[in-house]
Every structure is written in structure tokens, then in C-alpha cells.
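Multiple structures are listed underneath, in C-alpha cells.
Each of the two complexes below includes subunit A, the first together with subunit B, the second together with subunit C.
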Partner chain A sequence: MTYGTTVPYSASSPGPRGSQRVSPGPAGTGPAGTGPAGGDLPRLLPVHGAVPVDLHTHVSRYAAPPYFGHPGQLIPVLKAAGLTGRGGAAFPVYRKLQAVAEARTRPVVIGNGAEGEPASDKDKSLLWISPHLVLDGLQLAAEAVGSQAVALYVHRNARLQERLRAAVAERAAAGIDRAPVEIIDAPPRFLAGEESALASRISGQPAMPRFKPPRVFERGVVGRPTLVHNVETLAHMALIARYGPAWFRAVGTPGEPGSMLCTLHPADGRRDVVETALGTPLRELLRLDGTQAVLSGGYHGAWVPAADAARMTLSNEDLQPAGAFVGAGVLVALPATRCGIAETARVARYLALESAGQCGPCFNGLPRIAAALDEVASPRPDPRAVTDMIRWAGLVEGRGACHHPDGTTRFVRSALHVFREEIRNHSAGRCVDPAREPFLPLPADTALAAADWS
Partner chain B sequence: MKKELRVDPTACSGHGLCAELLPELITLDEWGYPIVAREPVPRSLDRHVRRAVTDCPTLALRLLPAS
Partner chain C sequence: MNGITQSTALWYASRATGVVSLLLLTGVVLLGVLVNRQGRLPGLPRFVVTGLHRNLSLLGVVFVAIHVITAVLDPYVTIRIVAIVLPFSSAYKPLWLGLGAISLDLVLALILTSLARARMSRRLWRSLHWLSYAAWVSALLHSLFSSTDLQHGVLLYLTIACTLAVVAAVIWRITHAGREIPREERAAATLTMMSPRGGPQAPGSPRDGARRRAPENVR
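Up next, the complex of A and B:
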């Protein structure tokens, strides 16, 4: 079952229904007793609409966070649960905790709520509606790796940050937290949540990525080993610590267990945050009639033709062979009446402006790729534009300090493939949508923000 | 242990000295930035590689364990 929720940042409406379930396994092996039925969704968002959950309601529903008493104890539980990161890369959570827990210096733990992706609302919604699950997860992660230095890095929104500061103060007063939590402002940039940019920002520098190695889990905030997890990942951790791996696996697929938050952009222009099981058919999440293509994985993701998407589920198992991935759960249905090339060109220009401009290939290549795509979006484009673009894409991939060039070219390359019919139309001087009213969401002030990284 | 040459693109200023010192492993792209072969550095080039690493004016070249 998927549930919609009111998103405080966008238009709201009830979410779509339906999910695939696997039957619940044996009773949980976690430290806490049995919890709510594992198959019930939503888990992270309150059942009844969008009323934010205060500390009293949270504790009466879930009890206080189940501290284990020793570092390391949560790690095998997370391994058995099969939890993967919900920030985009779907990396197994236990492996990062293990690496950080084994470090010789005291680590830092950061909850990543930067949510720089303009088409994503799920982290802001989660922090707004269920802040205490995220804060529980942060404490439990800190205990697991033996850290006392904890912070929550949050998208720049004064109301949200104020509410989180109040929640943190309330927990401190109630004696629920073991480590003090700082709320740190994330600049409203696409790259602000990239983990090395995050570490740089929290160390007092601009939020720009740096070259790896060393990875952030080796040397991050002020040079210390740093565990960075997406805020949704932390919220899942808080529940797995209570109810155990079998409960977590009661929804989802064996290979990709659990539920995840998605930001849905149906073709009618609405915007919803829903929680759904992995393995849910995409057509249950988005109505696909009147849709030509689905964008999965946000602006570093890929377009998939609607006819193919109709046969896929929300899983990397289905999406990766098509060059896409689940990512952080952004799904956009592009109406048949819009020009996919013009839409991609507009976003590519934004992505080029969001480059930190530190790496030669990214600095030189992304604006050229965006300009070439603009050319392809125009009537009777220069036929060299596509070949230039493909050459430049090859020149930027794998050559940045971060994955911004790689994500950008994945998005652009998928458009060249999926909208090839539209490219032929443009060559003949036609376009499906000459009016070109923007569909994919972008921040209003991209160009103005271009110089502000702190 | 096998080593691999990498360039830190945030440090590289693209003057191309490395491509002159080590044409066996480094070419320049159309904007003048180095493209480094992603392969273990052959032993026969060890000395040249070390030279390129120390001579890069911005210390952007790194000799790292091969991936």
C-alpha cells in the first residue's frame, strides 16, 4: 500500500495506491519486541495525513530509542535487514557503519537533509512530519560507531530549521539524546548534499566537493572519519533497531527490501510525497496514460519510455538494465504533449550552472553540452550538435572530483535516446510543444545563486 | 602493490606539463586538461611517473593504489 501525504512545500493530494508485498518473515531479531505488523505502510510518515509528530506522540507510539549499550551492536541488525542508503546510491548501510566504527579516531556522524535536487521533497517532508524518527536514527547511528559529534545538515528553510532546533531542544530536555545535535544550514545548491561538499561545509569551508580518495568515511569533517547518511536512511534505522530485520523485510523484494519515500510528479502537474514498498509497479505510482516517458532518479537519473516503464517495478533490478535507477525516489511522468528535448535542455543548463566550476572537464564540458542540447531543441538544429554533445559527454565522464558530470551525461544521453523521434521532428522544423511551457521543476533563482556556496 | 596515476581535477590548472613529461600515459583533451590512462603504471615507467608527480606545478597528480 502506498500513502500520500501533505507536503508542506508543494501542492498536496492523496497518493496512489497499491504495492507488491512479500509475506512477513519470522519474528524480528532486533533488540526490541514485536512492533506493528511489518506489512503495514506507511512506516515513516504518520498514518493520518500530515500533522507533524511531536515528541510526546512519537514516544508513546514508538517508545524511546532502544540504545544497545555498546558500539557496534546495531551493525549486524542492519546487515540482516538489508537496508541500503536512501540518498541515491543504495549502498549497503552496514558496510559504511562498519568502516567508520573500525576507524582509530573518534568519528563524526551527519544526517544529510540537504536535498539539493529541485524535484525532490521527500527529505524536507520527512523532517517536517517525522523529525523524531530521523533524530532517533542519528542517535542510534552515533552509538553504533562510538561518536559524540553529531549534526543534522538541513536544506535552507528557516521554518524547517527552527522546528528541528525546537525538536532537538525538547529531546535534550527530556534526556532522550545521548549526543548533542547541531543543526547546520545546507546552501540551496544541487551539490550541497554530495558528501565531500557536506564535509567541507560542516568544516567551515564552502559546500564544494573535493577529490576522493580519501573518502569521507576515512577523512571527512575536520579530517575525522565521518558517517554521512541520508535522513530517510536514519529514520529506517530507528525502526529497524526497534522491530528487527524481519519486520523491515516484510515489504519490498528479497534483493531490495523495505519501503522508501518517493516524490511523484504525475503528468497532471501535481507533486506528492508517498511511502511505498520497493518492488511496487511504476504504473501504480504514476498513471502512465498520456505519458510519453518517465524520469527515474531525478536530474542525475534517466528517462525511460512510458511503454517500458509500464512493465517495471520500483527497483534497481528493473531500472538498471534500462540505464536508470531508483536513486532518491524522484519519479516524473512527462506528458505526451511536452517536448522531452526542450525539458532536458532546460535542466541541463541548470546542471551546468550548478557545477562547482573547480574541475576543468566539468567547467568546460557541461556548458557546452547544455548549449548543444539547446541547439537540438531548436527548429532545424545544426546537425553537428548531437555528435559534439556525445564527444563532450565522453570527455567529462569520470573526470570530475564528484559525480556531477557523470549524472548529467546519464540524464542527457537518455534524452537523446528516448526522444530520438522528437529530434527528427526538430530537424524537419516541427516540435510537439512549440509553446514550451516548463514542466520539470527548477529553482526560480538558479542564475542568481550561481556564486553563493555558503 | 600496483599503482595507478590519477589527477585531482580540482587542483589541476591544465597547463599540460604532465603530458609532455609522460606522453605514454597522459594526453590532453580539447580544453588542455590531462586524460590519464586508467591502468596500473608499468614498472618501466616508474621513474617518469614519479618525476611527473613531483613536477606538476599544482601537485595535482596522485599515485594511488590501482582500483
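Up next, the complex of A and C:
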């Protein structure tokens, strides 16, 4: 069951555009207060297309956020719902809340909307279309851990930030918010949304990851325990607080309940943000004919052959045995007419250049891997390049302050496996796509100056 | 007669292990500078330098321990046990033995924090590790002035050589730091070095070439 919309907001052209995609699922929720049927989607996005939801519409659809009156009350509800983080790691949400709520110092609560993944639009879209759901979640999370220091961390985009500031001011004026919310600017870097980089940025340092432990929920922003949740996670939280765990579990699978936002890149080159239930077959999300492979989990994820993807559902249960995962819901269908190795090489270069340059294995290893993959993408490559790459990948994994080296090698390793036929083609001096028109989206800029990180 | 032989044995052991300790600590400092600058020893991979730095420091602790124990046991001068770790509390040459005690305390602190490095904050570990220079300097002064052994002959030349080596390493470290690649540009520098076919720019993206962003575009 999927509800779709064309991308209403993107970094290249901010603001709403395009029209509503026909919804394949039953649309429509009950009037305010009656409680919608659990199986209905969309939950987070508006029922009617990509029109941004203002405060009035928001309150009449969902009612005001249901404050519990005491810290900690929301935590068992979230545990029963089985909500996991929608930023990519799928960590149980209640565990972070519990750790932060039990801390002895006053915690900080941050909504993480820094969507550094170039192929993902879902956080930007959610913030643009349903900002009040995210802000509700932020308030409820702050109440649950007893915090008054609350911020929303979003990418540098004047229109979006202006809109969010207006929404925050409107809520404060209407007496909905209990804690003041600050909007904080994230640098346009792949790693800017990594928890410890976020904590560093908000503490006034460059947005670079640091070694863990201590985890951010133990010591984060200015040394205080910090609850960081992806903005979509907060939106789900706002609805679970209203309608309860059973409602949340009405869609999804028992192991991975609920719905999630996905950014879909079908083979025809479009880009859609949809809300879909976990456990939805991938072939319902992406037309797989004419597709050779599906990238799941974004640029830290993995390629899966299209024939295997056709038998899988959107769930870690299905994807993890294939080396992939749901992540933040990026799904790309690579057309059969494109070169998977060349595409992966372009992205690997980008990922290497997004290294923060702090850990030797990362800033020395990833460029070597990217250059070797470039070699494999060229006609009649040096036959040692593939074995070199696999050796170097083993040397960088698990040796960074963050998971950037691990995610990058996972992506590259999967390409070497899934596109092995294409590597053989290159050895013979052939390529399925000699024109090499770029398919996977990448930002134009690379991070080469200190100013890029703050 | 027997007693005198035993006594001279301890005396020699203490002096000899003291000299070896100074040499080992000097080696540890030199390797530490090399690790810090991500340097290499000819023919050895980088991680071997790190391993050598660590193992040599542990070996140094063994020699320092023998040096201290034999000095205390040696009946030639009476050194109270507390003077080993409590600086300037010795009746015999309080200043120069005190420097030795400081050096020992610092070395123990450095070893213990390094063994517990995974459990502590990097910044704290790093700032504590700066103390290694103080530990080396106090060890050097202690060696030079608590006995006259190092003040002439071959051992004097050895001491001068150690001092020059550490001074040279520190100068190299300072000047090298100035020419260090900023961390934001490290990956790009490696990529340029690795790619015969082009610079750090992702192929297919609008900007071409391996240039840094023009200054006017930098926020």
C-alpha cells in the first residue's frame, strides 16, 4: 500500500512543484479526534497531493499534540509500537529516549533534518509539506526526556528555513509549543547529519564526526546528553502519541512495523517521495522490467540484482541477507542500458571526497578505492585493480570515527559482485553504456575547504 | 668482600639501566613524532611505526623499573622508597633525583592513559600525551646531573646525540605541521595522486578539473 507524490521539494529547485501522483492506496483519514483507521496511508503526508499543511489544517486533521504531563510517559508507548529510527540505522527509538531520560544532567533534543544523502529527498519533503508533524514530535520527545533545549537541524536552504521559522513562531503564538525551538543550519556535506558531527556543529565546532564512545546520547551537544532523532522518526512519534501502538502496527510487518517515507528513483529517471508500509514488495515500488539492479539504502547501501529484488519486500529481514538494508528508504532502479561500474565509480569518488579527512584509513583508503574503481570502469583495466580494491576495503573497514569507510566499502563491494559480468566486458574493451551519461544523482560541489564544514 | 661485590653490581646495574632507559625513551619520543606526522620508516608499513612506538615504550618502562629498584637497593646512597615517586623528597641530590621521580610519574601516566585510550576521550588522551616531552626533558636532566657518568667521554657524546635527535625531530615536526595538508583536502590530495586520468572531481559533474574552489565562492 503506497501513497505517492512527485518530489515537492528538492535542493535544485526549492519549493513545491509538480502535481499529485495517483494514489494506489486508499486515501483519506477520519475527521479530527475520531482516530483514523490504522491501515490507511498516507499517515505523514497530506491526503491531497503536495500542498504544504499549515497549522490550522494540521490541527484539524490530527488535533493538538497530546502532552502526557510527565516525562517518560511516551517511552513505553514507543516501545510497544516498535518504532525504529528512520534516519537509516533502524535503532529502536525508545532505547535512546530511555538512555537520555535517565541521564542526570538536563538533556538536549535535536530533530535531524540534515539529509546529506544526495539521492534522498524524503526529509526535505516532509519538512516542507508536514512541518507541524515534525515539530509536534520534537515537543513530545522533549517532554518525554524532560528537556527545554530543543533545536531542528536542517540543511542550508533559505526558503525551507524561513518556512520552518514561521511555523515555529506560529506555534509559539498559538501556545502549542512548550519548549522554544531553534532552527540550526547544517553544512551541505554528506556526513553533516551523522550524530556526532551534528553534536559538534551545534556545539560550535565543524560538523565532523568524532570517535564513540561516549555516544551522543551520553555526551553530545556541549557535553550534555543529546537525543537526536531523524525528522521522520519524530513525525511517527507524534502520531503514535495520538493514536497508540496498535494503530502504528496496523501496517508493516510484526518485526518491522509501520510505514516509512522512501525516495524512489525509477529507471525512467524520475524522483518520487512516497509513503509506504514496511514489507511492501519492491516490485510494487519500482517497475523492475528493463532494470538490471536495485540500489537499496543509498550510497552507504548495496546493489541487489533486479531478479533478486523482484522477490524481496521493503524490509531488513529480506534485504539484509543480500547485504543491503532499508536505510533511509532510498531505492534506485538502474536501467539495463547503464554501466553499473561507471555509476558506482562516480559515487565512490564523491564519497571519497566527502571524507572529513580525520582518520587515515578513510582519507587514504577511500580515494585509492575510488581510483581503482575508476580504472575498472575504463576500457581494458589493469587486472590487479579488483584485487587491490578488495584488499584496501578490508584495511579501512571498522577503522573510522564514523561508518563512512564501512558504508562506502559495502557499496563498492556489492557493485564488484553484482556487476561482475560488466567487469568482464570492460576487460574485453566493451561497455554496455559507452556514452556514460550520469544516472545516480550527485551534488556538483566537493568539500575542499574548511568553510564547507561549518 | 662479598658485600662490596654485591654493592658494585647494583651500582653498575642501576647506572647501566639508566643509560639504556634514556636511549629507549629517546627512541620512543622520536617514533612518537613520526607517528604523529604520519611518517614512515624506510621499508616498513605505517602501522609498524605505531607498533614500534608502543612496544619500545613498554620496554623502556621495564628498564626504568630495574633502574629504580637497583638504585633503591644499592647501599652506596640511601634513597627512600617514597622518593621514587614523590619529587624532591630525597635527602640525596633532591633536585636531580626529583626530576627522575617526575619523569617516572609522567611515564607511568602516559603508559596508563595509553592502555586505557579506548575508554577515554581522544582530546584528553592527546593533551596528556603532550607531557611526554616534559617526561623526556626531566629524564635527560636527571641523567646528566644525578651522576657524573654522562658528563664526559662516550656517554657524553651519546647524550648530545640524543638531545640533537629530539631537537631535530621537534623542529621537523613544527615545520612539517606548517606544510600539512588541511584535513578537508586530504582525500582530494590522495585522489589526485592515485588517479592518472584526472583530478578529484567526480566525473560527469558540471565542474571540471582538479582545482580548489575559487576564493570568491568560499563563504
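In this section, the second predicted complex is superposed on the first by the 422 of 454 C-alpha atoms of A that agree within 3 Å, B and C clash if a C-alpha of one lies under 4 Å from a C-alpha of the other, contacts with A are read in each partner's own complex, and residues count from 1 in each chain.
In this section, contacts are C-beta pairs under 8 Å (C-beta built on N, C-alpha and C of every residue); 3 or more make two chains touch, one makes a residue touch a chain.
On a predicted model such as this, the values are computed, not experimentally measured, just so you know.
In the model built by aligning both structures on subunit A, subunit B clashes with subunit C. When the two complexes are overlaid on their common chain A, residue A:332 makes contact with neither subunit B nor subunit C. Of the two partner chains, both subunit B and subunit C are touched by A:358.
Of the two partner chains placed around the shared chain by superposition, subunit C is the only one that A:444 touches, whereas subunit B remains out of contact.
When the two structures are aligned on the shared chain, A:210 is found in touch with subunit B and with subunit C.
Touch criterion met: A:400 reaches subunit B, while subunit C stays clear of it.
Contacts of A:366 after superposition on the shared chain: subunit C is touched, whereas subunit B is not.
Between subunit B and subunit C, it is C that contacts the larger number of residues in subunit A.
When both complexes are overlaid on chain A, the residue A:251 reaches neither subunit B nor subunit C.
Applying the stated contact rule after C-alpha superposition, one finds that A:273 touches neither subunit B nor subunit C.
None of the stretches 63-71, 117-125, 171-179 or 189-197 of subunit C clash with subunit B in the superposition except 117-125.
In the superposition on chain A, the residues of subunit A touched by subunit B in one structure and by subunit C in the other are 210-211, 213, 358, 360, 362, 364.
For subunit C in complex with subunit A, the residues that touch the partner chain are 38, 46, 119, 121-122, 182-188, 190-191, 193-195, 197, 200-207, 212-213, 218-219.
Contact residues on subunit A toward subunit B in their complex (touch as defined above): 208-211, 213, 358-362, 364-365, 395, 398-401.
Within the complex, the subunit A residues that touch subunit C are 210-211, 213-214, 345-347, 349-350, 352-358, 360, 362-364, 366-368, 370-372, 374, 378, 436-438, 442-453.
Per the touch definition, subunit B reaches subunit A in the complex via residues 8-12, 14, 29-33, 35, 38, 62, 64.
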